[in-house]
Amino acid sequence: MANLNMVQAINSALREEMRRDGDVIVIGEDVGADGGVFRATEGLLHEFGAERVMDTPLAESGIAGAAVGMAAYGLKPVAEIQFMGFIYPAVDQIFSHAARIRSRSRGRFTCPLVIRTPYGAGIKAPELHSESTEAMFCHMQGIKVVVPSGPYNAKGLLISAIRDPDPVIFLESTRLYRSVKEEVPEGEYEIPLGQARIVREGTEVTLIAWGGMLRKAIEASEGFDAEVIDMMTLTPIDEEAIYRSVKKTGRVVIVHEAPKTCGFGAELSASIAEYAMLHLKSPIFRVTGYDTVMPLPKLEDYYVPSADRIRRAIEEAMKY
Amino acid sequence: MTASFEVKSLSILNEKGEADETLMPSLPDDDIKRIFELMVLSRTFDEAALSLQREGRIGTYASMLGQEASQIGSALAFEKSDWIFPSFREMAVYITMGYPMYMLLQYWSGDERGARAPAGLNIFPVCVPVGTQIPHAVGASMAAKYKGDKAVACCYFGDGGTSKGDFHEGLNMAGVFKLPVVFICQNNQWAISVPRRRQSASKTLSQKAYSYGFEGIQVDGNDVFAVYKATSEAVRKARGGGGPTLIECFTYRMSDHTTADDSSKYRSNEEVESWKPKDPLLRLKLFMEKKGLWNEQYQKGVEEKSKTAVEQAIRKAESLSPPEPADMFRYALKSPTPRQAKEMEDF
Amino acid sequence: MANLNMVQAINSALREEMRRDGDVIVIGEDVGADGGVFRATEGLLHEFGAERVMDTPLAESGIAGAAVGMAAYGLKPVAEIQFMGFIYPAVDQIFSHAARIRSRSRGRFTCPLVIRTPYGAGIKAPELHSESTEAMFCHMQGIKVVVPSGPYNAKGLLISAIRDPDPVIFLESTRLYRSVKEEVPEGEYEIPLGQARIVREGTEVTLIAWGGMLRKAIEASEGFDAEVIDMMTLTPIDEEAIYRSVKKTGRVVIVHEAPKTCGFGAELSASIAEYAMLHLKSPIFRVTGYDTVMPLPKLEDYYVPSADRIRRAIEEAMKY
Amino acid sequence: MTASFEVKSLSILNEKGEADETLMPSLPDDDIKRIFELMVLSRTFDEAALSLQREGRIGTYASMLGQEASQIGSALAFEKSDWIFPSFREMAVYITMGYPMYMLLQYWSGDERGARAPAGLNIFPVCVPVGTQIPHAVGASMAAKYKGDKAVACCYFGDGGTSKGDFHEGLNMAGVFKLPVVFICQNNQWAISVPRRRQSASKTLSQKAYSYGFEGIQVDGNDVFAVYKATSEAVRKARGGGGPTLIECFTYRMSDHTTADDSSKYRSNEEVESWKPKDPLLRLKLFMEKKGLWNEQYQKGVEEKSKTAVEQAIRKAESLSPPEPADMFRYALKSPTPRQAKEMEDF
């Protein structure tokens, strides 16, 4: 056990898997000597060499596309996109190919690929350094979307993602990278994809969050008899975990930093409204980033849901 | 700090069927006959596919008419174990690599099962989004290099494909890592209705390779010997660690873009006519005739064999049971998600 | 008035606006001599010349990016992306730039741009010719998403979209292009963006659909006392129209051809569950494409919602 | 069908401050002094921004240290009414075009209002996603051409930017339409930690222009006269209908990538030191000294004036009231959506 922050936990997961499996390779911009702009790949070049830790030219579509080819050939590439704001040029390769090659080739070619990318606000950086567009990827069929909420589950989820036979988008909250430390086992361990976890049990209201918003949700839950769920995997959705909780509490508040309209919260809410509606005591509330372009740092704190905004939503729900 | 370079080109077999002996690759007569037979077979397949489409028996289809030399000449230069990434017009490449014709028809009839390459053939499914297959070939060649395999990757695309960002990002990466990959651009002069000169102001497409630090060569794409020779050399170079090559096959799309297109709207009949004497089959036939490898009877025999093979393929394709609706879930992920499992019950 | 199909109506809208305003120009692949692969730009080259009807190289990101520059300079480009399946390489330019330049430059540069693209299944074409990923664009802030459901509203909406001061993604259902004719006025007329319309009044259940699914929803509504809403504009959402109907009927069935997870139906459902929940009598149902990769034509009809599947959902809702 | 070409290069002012008189652009002494003063001002601004960042008074900042000649020499070749599309490192370009320095600091402190170019200046906001601004410049030049305006568009990007698909798609389109646009690549040898040779195997970056059918030229990017001359010629050509040019300014990023970077992790001190004698200010100073345009007192005066101007800019930037939260809705669309209107009430 070591007390690690999330960057270190991710680094440890990569190292474990690279040691275990020679087919695991890391590619991306500045992942080599620089160790990644957040240092998640630090030391890997030294331990595994430039053939397994490949600095690429500055070309996100090329990176994602090459990773698809590598994965089809039989490797297990872990590609780093430097920020989620730079993943958009790779959307075509992810959507048209990574997600579909298994289906298009009826299983002959597959894509055991992980794309890691920092997401979310929190480091007060310029435009496109605070994106949280997980919902776009959750709408894409043929891929999985995973969002750890701390060092411990980051390591276990990343190991599972690397071992997963299908493409996984792995989103790392920049606000969590260095702000939290947890005990993280040294060896390998898996946290299964597709399973949410109950962070705190409660009976009156269900709070659902993931990644960088989980801690705010927990903070806001103080003083309420609230059940807090950490999704961890967004797709495939762990519907059972949610319905179970909703059946108990009858009230739901969903938190995310992406804009409300068509965010992943919409899917959670709609699923509940479709499959667990009869257990609801109150409307389903979403506390989200606003429906506007993410501002530069000066207004960032106004944009991202605060514990206070979440609290107000809980109070609203409790009125019913 | 200046550099200068010349754009290479190659042609061996002219329209009269005369080969430049100094450049001619060494090909035993049987191989030449095999090439000719593949060309006839591909053309027979192509014609059949067009009429199946007209009869509503398959969907939209993209004819390769006129591009047989580019496709067969290049495909023959690869080993079965190499990794091939076609675009959507490369039926003659599939056929040359030994892909079952009935599966091609199955694919074009709208059934994904036709796109599952048989074991032992590393050939990707038809790729519709233009140029996107280029980085895949680059990635496969990275993997082959990393694994120390001798496999070479090969990617096909059109003149239109060279305008896409993925062409640039892919070729640039191939140059940086000096990868074992061969890029084959079939410049058939048109991207649907956009003529080659409106696609890029570059003098040739092959010279674009120099932007990526490797060699490009423009070959007469209707000259199967030139295509074969240039590709063989590129494959040899790639396999030997010499890095990538871009081959521009200068050819012509004799047909409409696809069965959904009417090319008379945007190109002149004269232009199309002017390419007819350059036909790749015609000149190979003339060459073989001179060499005593061709006569009317041989032609008849080849045609008949081709027709039989294609008819068999059609029969087989049309006798297949339809795909099961549940297939759409079976191959999305290795194991269906709970939601998919639930949706599957709808059928 | 003329009896036009949707291709002709769109052509007429383009022609009207190009005649009226010299700043309106058309760019895209094969929009010139070919008149577009669906013939929507037919005759425009002849009338307006190659300077206003520009065939570009095959480069979707370049097309969208150049259109952003043109729009900022003061033109009103109408870009055609040949199929929605080929818009993904342009997502970066749409999302990072078209949608944001007004905000990034605090209003100094704007982007009065329309991107037209055929969407949806219906013509039995190969892969990526049947995409319906409108939800991705609805999640993007700073753009609008418009989906006509027939010739008459296609013309009026397209004219409004061209005149709109902000970027509009204009989705044209391929199944509607030639299958329906309507009376379409000859001159210019606008149908305001952001407004849904009641296609059929009813009191027991609200059916919500758009574009290529509207007619299926209408077909399925036969025999029920159903109110049918055609969204026409997806974002900005006409929430009022929806809540008004839901308050009346208390039951909702939403239909779209995209996969269910994170489709636009999720947002509609979640909005109702948040703002009109107390009026609901039954769970909110979504009848959608399945949560899997869109199959090739042989299985297409199984994938896309049928009138029968919609009918079953209505019946289900009516049980409450 | 072959083509051959040579890659052009230009340098005028060497490290000793000696200018090749045969190539020297005709610049009156006052203009030379203005160039020098802009260089000092920019460097003063840059240093101040770095210390403001260290003190937490602005956010992450990308220094242009060492690239003053590339930025100022090129920007001076444009008219105020031309359309400029910078990347994120071009503070000296903004300053040269007359953009208020306080607004630049405002921007880097995380306030969008600093990115609203004053009326009369057509300069786009800082563009973070690498290479994406290239198609915008192409589009603006298409618009200028269509409108019959004399405006030229100019786009800045780095060596890393040349690897992006948007570089390719943009330049290719510019070539096809022969547009009035000038592409300025500041090859500062690094893209964060990735060295130029790992960015592309192309011998030079400028030669990539030949893939698009127009001219490229590599200039000594630390030689302000060479940069100015090459850019002026490109602008003249563009304005006259001669189409685009790609200019590669061969220079060096003397600083870390940004204030969030530590370049000692990936490049040697020797390499950085080896570029110090090539400093663009130093050589201009030596040149001016020889010409009697420079002495210690002049230097002091220029430095003081620069310091005062920068200090004023800082004071002004820091005295601004913070942006209103509602601003984030005001500029998303021309008129807020109903949903935005409701959300705005939250404040």
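Here the chain labels run A, B, C and D in written order, and each chain numbers its own residues starting at 1.
Everything below uses one rule, namely that a residue touches a chain if its C-beta (ideal position, glycine included) is under 8 Å from a C-beta of that chain, and two chains touch if they have at least 3 such contacts.
Only a predicted model underlies this, so the values are computations on that prediction, with no experimental measurement involved.
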Greatest separation from chain A - chain, by CA centre: B
Separation of chain B from chain D, taking each centre as the mean of its C-alpha atoms, in whole Å: 44
Length of the line joining the C-alpha centres of chain A and chain D, rounded to whole Å: 36
Rounded Å distance, chain A centre to chain C centre (Cα mean): 30
Centre distance in Å when chain A and chain B are each reduced to the mean of their C-alpha atoms: 40
Multi-chain contact sites of chain B, meaning residues that touch two or more partners: 112, 129, 163-166, 168-169, 172, 176, 198-200, 327-328, 331-332, 337, 339
Sequence positions of chain C contacting 2 or more other chains: 56-57, 59, 61-62, 85, 88-89, 92, 96, 103-104, 127-128, 141-142, 235, 237, 261, 291-293, 295
Graph class of chain-chain contacts, one of line, ring, star, complete, other: complete
Chain A residues touching chain B - in the complex, by the definition given at the top: 25, 51-52, 54, 56-57, 59, 61-62, 64-75, 77, 89, 92-93, 96-97, 101-110, 141-142, 144, 165-166, 194, 235-237, 239-240
In the complex with chain C, residue positions of chain B that touch it: 59-60, 88, 107, 109-112, 126, 128-131, 160-161, 163-166, 191-194, 198-200, 260-261, 265-266, 322-323, 325, 327-329, 331-332, 337, 339-340, 343, 346-347
Residues of chain D defined as touching chain C within the complex: 83, 85, 112-113, 115-117, 124-125, 129, 132, 134-144, 146-147, 153, 165-166, 168-170, 172-173, 176-177, 327-328, 330-334, 337-339
Residue numbers on chain B that touch chain D, as the complex places them: 1-9, 163-169, 172, 175-176, 178, 198-204, 207-208, 210-214, 218, 250
Complex contacts: residues of chain C adjacent to chain B: 29-30, 32-35, 37, 55-59, 61-62, 85-86, 88-89, 124-129, 260-261, 290-293, 295-300, 302-303, 309
